[in-house]
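Naming follows writing order (A, B, C, D and E), and every chain is counted from residue 1.
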Amino acid sequence: MINGDYFMMCLKAAITYIPQNLMMSLITLAISVFVGTFIAMARTYQVRGFKQLFDVVLALLKALPPNLILLIVFIIYNSNFTKIMQVLHLNISIKDVNLMYVAIVALTICCLPGISEVIRSGLMAVDHGQYEAGYAIGLTKLQTFFHIIAPQAIRAVIPPITNSILSLVKATALVNVIGVVDIMNGAKIAGNTYYCYMEAYLAAALVFWVIGLMLEVFSHKVEGIFSQSVKKLA
Amino acid sequence: MFEWGRVIEYFPTIIQKFPITLQIVLGSFVMGVTLGCILAIIRIRKVVVLDQIVTIFISYIRCTPVICQMFVVYFGAPAVLKSLGVDIAEINNIVYVLLAYGLNMAGFMGETIRAAILAVPTGQTEAGRAAGLTETQTMVHVIAPQALRIALPTFGTIFISLFQATALAYLVGVIDMIGKAVSIGAKTGHVLEGYVCCAIVFALISIVMEQIFNYINRKLDFGKSGHKITKKYRVAKKVEEVASV
Amino acid sequence: MSVLEVKNVKKRFGENVILKGIDLTVNKGDVIVILGPSGSGKTTFLRCLNLLEKPDSGELDLCGKNYNLQKVSNKEKLEIRRTSSFVFQNYNLFANKTVLQNVTLGLTLARKVKKAEANEIGRSFLDKVGLAGKYDYYPAQLSGGMQQRVGIARAMAANPEVILFDEPTSALDPELIGEVLMVMKQFAKDGVTMIVVTHEMGFAREVANQVIFMADGVIVEKGTPEQIFDNPQEERTKTFLKRILKTEDQVQLV
Amino acid sequence: GCSKSDTKTVETTKGSEGESEKDASDKIKVSVGIGNIFVPFCYLDDDENPAGYDYEVVCAVAEKLEDKYEFTINPDDFSNLLIGLDTKKYDMAVHHFGYTDERAENYLYAEEADMYFGSFHVGYLKGRTGITDFESCKGLTAVTTNGTMAETILLNWNKENPDSSLKVEYATDLSVIATGIKNGLYDVFIESEYDLNLFNSKYDNVLAYSDYNITPEGYNDGAYFIYPKGAEELQQDVDTAIRELREEGILKGISEEILGKDYSKK
Amino acid sequence: MSVLEVKNVKKRFGENVILKGIDLTVNKGDVIVILGPSGSGKTTFLRCLNLLEKPDSGELDLCGKNYNLQKVSNKEKLEIRRTSSFVFQNYNLFANKTVLQNVTLGLTLARKVKKAEANEIGRSFLDKVGLAGKYDYYPAQLSGGMQQRVGIARAMAANPEVILFDEPTSALDPELIGEVLMVMKQFAKDGVTMIVVTHEMGFAREVANQVIFMADGVIVEKGTPEQIFDNPQEERTKTFLKRILKTEDQVQLV
């Protein structure tokens, strides 16, 4: 029922898109973590105004279907790019910009609420006494955050953020809506030559699975490193 | 490109599909929770062989896109059913959708439930045992209600996100709200407005659901946020590692 | 007549041998206090008696029935647990149940007592430990001392032959220790059989009829409180008591 | 015509008589997988009943063959149809399929097309000049949809004319294509004349297209039903039915009604 | 000469007025013990002194500088915290730092001491509290007593004018209390100025030169240990001491 040659063809196509997929995921992750941490801090430190604003914005974002976000971002980008470049007197054509970056913006919007939530719970998992001990020895809020809180929060954040990364890697399959090809659609485009969709799906599933397993192993390693300080002596 | 007029125009047609979306969401949620409990218990008890199978299953569910899972169910299930002598022509496609999302949910719920059960302090199990309760009695009367409370926020998030996730149902010919938006888009070329209709409905639902989950949360409070007589415990605080989804 | 008799209880965790063969005979109405340095296996021993830990070997006579601890069936486990009760250091009240439900749960589920009757029993024991009127509170709404008293009421309500206490006051504020010890003293006077792991020397001296000093998984010395506290024979007992008392010296100055 | 009732089984007007003559169980069951969002060829109408040109043709065929076959229609997603053939879920797949040799290796193509794509043209933003044939598009960015005839033509051109090849971008959503063309992200959109006109009707006539027919010489521009290998009997019977329908002018009628023009002949 | 002087410290949480105007003068080398029932505001008072809680009003003179506690700037907060140190009930060691890093972090970051020098200071204080050789352990790998000694070393290393202790031994096992009190006694003898909230009466009697009894947010009585313990004037002081002693009676019997 499954043709080995076609499977290999689809697999090869899927594999060629791994770098693109991972790059999209990584950049999205980096931006989301950066912005997400900012939002999470505003919410944990109860910065007035920001907290309420983010509460509402995040709740709204959660309700938007990902495809809608992708389309809106694409259309806004597309309709305004040339105008903005003209205003800035830059000689960049819309075609020179990789659509991948548009996809990244949209994906960031999609996964920002989740990641920010994960980071916030990580920050809250750190005992309040740790903040106080930092302040009590005369550290500033920022020093306390970077030297004491963040390193401990990272450990608590790794397992849930691994989940976020996994769903992010999978979510890149959506970006074909705006014409960016990823693992899933790379395999399907290859499968289209022979109408061998069965092989295409299987190849994509295999690639995703392997990536997922490697991510899980990696996250365990990292978690191990950050857990050293809490391991009791035997 | 975008016109509110079309949102208003499409809205009635799309809202008609709400029951289908709800059916998929509720069906797969219930199936996910039920199956998830079983998976969680298999993993916690480390049942031979089954434990390994469940681990692989959960890994597949976690790591691959739903569309791949849907595809396995859509083409795998009929083969299995056929061999069992069931007339697959009689089966409504929504069954495959429920099955696919139900299994997907089970994978994620299984992990959530497992983490929640493990997060209930072991002292609670021991107290149950020491009081002479059987394992099942301890689970039902003591552990489950407390685990439910821990898992509830995650359940809420998963439940709300499920409304979006059902988008793939149209791939097997079941038209739910998002499917309707897509098919209107195919016909008129304007898919954006259809999605906006869905977003409006989903936003309303998520607000309502939030209220409902808050209410349940309060019900399951067990006096934790009520008035306390002392706040002080000498026992060093145990860091609870709640794995997550 | 001995209510409980254990012989040769052994327990290891991986490489570490924690209990190296403990024997103990408890007669009806006995109050036995177990002392010993941290890590000596006191908790493990109590947990083995209630099968919260599975001993590697050992024999238990409980109310005339004999059990081989190495291979107790699930049914025997339930039997043993329904004949003895356990009071935990951290109370371990059922967080999702009210005070009254905590006390009655074992009755209705494990002993099939009717609900109305169980409630009556429950209320009477809560009254005894001074918690009349707190029936419908959740554990989280009570102070530590109150929680531990609920723990004791829960243990007592099961009408056990023997109650096992594992440092019942060590998680409590100094102010709250008194109320719990008082309740325990009262029950001891009423003739309840108890095995108590505790560092409360005053309690031991006043209430115990046997004090057992454990170290490194063996019983080093046992005797009446006077024998152990005033005239210990073994070097390890002396060192331990000296160390404990050095801390408490501070208080004696008052 | 075809009943639009809820049952997926196609009942024809003569169906009830047919059943009385011949027991339904004697008929060969044919499970047809058909696309569900491909307007106007095979899609679900507002009441979720199958509709479109291909669907009407299948109905007409079913009616013709009702003594021998009992057709069941299963609307489904495009990529599921072929897997459905592989897994024996479907006996026949209908989705306005174009012909390529590669695909013919795996599946049995009908010999009789149910319609012809007509001529393919290069579409571009209205007002733009200098675009006529493929050669004139050298180096430009062409947007296409995965799995269409237009894609095949485009890729073939690139393969055979590497020196004057076009840059190929994929998009699944037509509104993305429309926005992209309007704002210069894409230069050209290659489609059949019919599709280009349809596109224009949806998106404010953004496109112009040259008269030049870019379909290569001797190119097979038919749309076919597809069967699993070994289903020659069914294929032959259906082909015969289609041939008759064409000769009777019924296909012309359906085409003019649904597509607005006769695409039933080459 | 007074190191620290506060006047009229007030603090409320919502409706509840916790501190109703506390005044305190601390001279160099003083050891001041604060006693009082649970909830009387002892912890809150100490936290206000270190600005872990923001007082609603109050004035603080610390080393000759005057601060209005109601509106201290961030800079003043850091200044105050760098002049005083805090030892927590639950140690609150930095879980992600080794023992040595715990002690040096405040030096390198808050006081800009060079790393090598900070390590030297850190090691010498760890040696003083008996933790030579544990420099590279993580807090989780130490017993409670050791953790608290690290906490004291951390507080001392900052070379503060005054150290605030909030029940430094109440989270410890009885066996481990002694070692921590010993360290504190040693520093007291060395002339370190301390304010200590504790229920360890022996310590208070031996080391304190002033005992303060707080209840309901006010200072009810103050005096030398002898005055307070042997001859309390106020009714509330008497009741409190009686209740505390009832618990400790048990121990005195030994």
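Going forward, a contact is a pair of C-beta atoms (placed from the backbone, for glycine too) under 8 Å apart; a residue touches a chain by one contact, two chains touch by 3 or more.
Model, not experiment: these values are computed from the prediction.
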(message) Along the graph of touching chains, what's the shortest path length in steps from chain C to chain D?
(response) 2
(request) Name the chain with the Cα centroid closest to the overall protein Cα centroid. (result) B
(message) Suppose chain centres are the mean of their C-alpha atoms. Which chain sits farthest from chain A?
(response) C
(message) Quick check: how many Å separate the C-alpha centres of chain B and chain D?
(response) 38
(message) With centres defined as the mean C-alpha position, give me the chain A-chain C separation in Å.
(response) 53
(message) Using Cα averages as centroids, what's the distance between chain B and chain C in whole Å?
(response) 43
(request) Hunt down the residues of chain C that sit against at least two other chains at once, touch-wise. (result) 173
(request) For chain D, write out the residues touching at least two other chains, lowest number first. (result) 79-80, 83, 87, 173, 175, 179
(request) Any chance you could list the residues of chain B touching two or more other chains? (result) 1, 71, 75, 191-192, 230, 232, 234, 237
(message) List the residues on chain B that touch chain C in their complex, please.
(response) 121, 123-124, 126-134, 137, 141-142, 145-146, 149, 220, 222-224, 226-230, 232-235
(request) Report the residues of chain A in contact with chain D in the complex, numbered from low to high. (result) 1, 3, 71, 74-75, 78-79, 81-82, 93-95, 99, 176-179, 181, 185, 188-189, 191-198, 201
(request) Could you please specify the touching residues of chain B with respect to chain A in the complex? (result) 1-2, 59-60, 62-68, 71-72, 75, 157, 160-161, 164, 167, 178, 191-192, 195-196, 198-199, 202-203, 205-207, 210, 237, 239, 241, 243-245
(request) Could you please specify the touching residues of chain A with respect to chain B in the complex? (result) 59-60, 62-68, 71-72, 75, 79, 117-118, 121, 125, 127, 156, 159-160, 163, 166, 170, 173, 184, 198, 201-202, 204-205, 208-209, 211-213, 216, 230
(request) In the complex, go through chain C and note every residue touching chain B. (result) 50-52, 74, 78, 81-82, 85-86, 88, 90, 92-97, 105-106, 109-111, 137-144, 146, 154, 158, 171-173
